[in-house]
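Across the two complexes that follow, chain A remains constant while its partner is chain B and subsequently chain C.
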Partner chain A sequence: MSSPFQDMLASLMRLRGVAATMLVDEHEGMIIDSILQIGQDGSRVAALAASLHRKARLSSDAAGLGAVSFLQLEATGGRICAAGRDGMVLVVIAAPGANIGLVRVELLKAVRELP
Partner chain B sequence: MSVRVVEPWIEAPLKRFVDDARVTIALLLLPSGQVLAEHGFTRSLDVAAACALAAAIHASGGELGRMLDGRPFSGLHHAGQDRQIFLGEARTPRGTYIFLTVFDQESSLGLVRLYFDEFVANLSAAAPASQAGSDAVLGENFERDLNRNLAALFGRA
Partner chain C sequence: MADDIRRWSEELARDPGSLAFLLLGEALRRQGDLKAAHRVAVHGLKRHPHHADAHDLLARICVDQGELDRAAEEWEMALRTAPEHPGALKGLAFICFQRQQFEEAEDYLRRASLGDAPDSGVRAALDTVRRSSTSIEPADVDAARDAAAGADPQYAFARILETEDRTALLLDGSGFVLAGAYLTPDGRDVAAEVGAQLSGVSDEANRATRHLGIGEWTSIVFEAEAAVVAMAPAPEGGLLLLAASAATPLGLLRRLLDRCTEQARRWMRWHGDGRSGTAAPGGRA
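This part shows the complex of A and B:
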């Protein structure tokens, strides 16, 4: 089933090293739309990434730093990048070799285009 | 993080769920409405009422699911203004249980569902050998068992 977010998610998927993209409701921690590969458990990542983004946003607020624009989590097997707006969080799962600068630019651009 | 349980094997999985999912209330009961474990309640009367309502909602949801989808609905979520409830069915080798949990802004439906799946797996792993009749809707000694379980949790019937 196609959704209004498929084109945006597909454009992020085309970036080198990107393994999955999803749009998540930050409040509910549920996937709004996603592009995943076989074997990926999107709902787990979505719930935890939304929680992480929400806590980062609250921490940033508490520290008087303003809105969180971009969140990156580095692990040995790759990265989770997230950016959000108005209760929605765009999450990208990328391999270690991904061009993270480009991912960041495209992710922020996509977030600005969210309705 | 205090949990009270009627049967000790439930304690560790429930404690872990409460810690991980950051819920304010958790209740595990038999489909008949008999409580097996709780977290977040202070009065036995509230537990008895919540169990009766959860069992009724589960039964209604199950029947509605059979009518609409040919099989019972096994989960329910209701979002209030500040707090939300999630009601799920926990199938284990020992029998089927109903799990009711209440959460606020500290958690989310996604997290609750995620940790609920883990809770069911942990509960199944911890469950002793099957107990015949645990799925019985209303046993002969239902009221006595109901009061016994409440007394076990709160120290009085």
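This part shows the complex of A and C:
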């Protein structure tokens, strides 16, 4: 059965270099919906990405910096991008060659459309 | 800091013989206003020519201005008045270290370590000097320079950050502040709070990247309404955080992050295992 988030996740998956997309509950770290490649287990990454986003949000609150719009973790072999709103975090796993500028724009657009 | 500078300036204006020039000169030095700091120190020395702290202040300003010979003269004068002045001993150790006179540097540091309140930096500096008698790295010289200049951990990144809308923090693996500072625009110090919220970030980033098999994490950047914040792994499970205005280009942010990360490595090398450093919240970076 298709969830209301599948179209949004699918449009993110179509971006070059994107390997997985997930919508995660920030507080519980549980996947609400996802598109993963065969063999991927997103649950642990979802929990960790949600936790990183929460820590960024809380530290931003502590410093009086306002809401966090976009987070990017860069590693030698790929990236994790996240954008959140109202307790939900959209997470994208991308390869090093991905167009992160475009991923960022589409991620922020998708987050604005979350119910 | 601006309020302190105003207060000490007013005090000096009221009482030109006041020792407030020591605080004012140091504050100006840390702010990078070396010309004004130099002027204040020289005026102070005219009224207090035998005050060791005044010579120490002028020497540190001279180091920042790159005038090492003049700095050495001032520290030697400080020692004539106060033979065990810790600042002068550390300063002369730094000068000898930079001149690769390791035995003399070690001697000054040993004397500094015998003082009433030797800091952990002196012990670590002593170790570095002993190690460096065979090889000396430019990074050690930089760290020695900061230590010699009496660098407060809060100001560990000040030279790199340059403008007041940037700030940097070095956190240990538990989120405690090792160096740097974080002041809100209204002057509230939130370094400890920010550190506490970021506790465990390094560990979680490691676990996420390991699970995905995408190698070591190199940076985390998040964009907030008022600033862009970048983080990088620091030695011993620590975390370096750099915040800059939201208008800062990401390329510049990355360069600053690299430079602060390198400074954090130097700082930790100079201050031993980090746990011996001052886990203090601070003023403006």
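Methods note: the second predicted complex is superposed on the first by the 115 of 115 C-alpha atoms of A that agree within 3 Å, B and C clash if a C-alpha of one lies under 4 Å from a C-alpha of the other, contacts with A are read in each partner's own complex, and residues count from 1 in each chain.
Definition applied: a residue touches a chain if its C-beta (ideal position, glycine included) is under 8 Å from a C-beta of that chain, and two chains touch if they have at least 3 such contacts.
Being a predicted model, the structure only gives us computed values, none of them experimental.
Steric overlap between chain B and chain C is absent once the structures are superposed on chain A; the two fit side by side. When the two structures are aligned on the shared chain, A:Val18 is found in touch with neither chain B nor chain C. Of the two partner chains placed by superposition, only chain B is touched by A:His27; chain C is not. Of the two partner chains placed by superposition, chain B and chain C are both touched by A:Ser51.
Contacts of A:Met8 after superposition on the shared chain: neither chain B nor chain C is touched.
Of the two partner chains placed around the shared chain by superposition, chain C is the only one that A:Thr76 touches, whereas chain B remains out of contact. Between chain B and chain C, more residues of chain A are touched by C.
Once you line the two complexes up on chain A, you'll see the smallest CA to CA distance from chain B to chain C is 9 Å.
Comparing which residues of chain A touch chain B with which touch chain C, the overlap comprises 44, 48, 51.
The touching residues of chain B, when paired with chain A in their complex, are 107-111, 113-114. Chain C makes touch with chain A in their complex at residues 182, 184-186, 190, 193-194, 196-198, 200-201, 204-205, 207-209, 211-227, 229, 243.
For chain A in complex with chain C, the touching residues are 44-45, 48-49, 51-52, 55-56, 58-80, 93. Across the interface of their complex, chain B is touched by residues 24-25, 27-30, 43-44, 46-48, 50-51, 54 of chain A.
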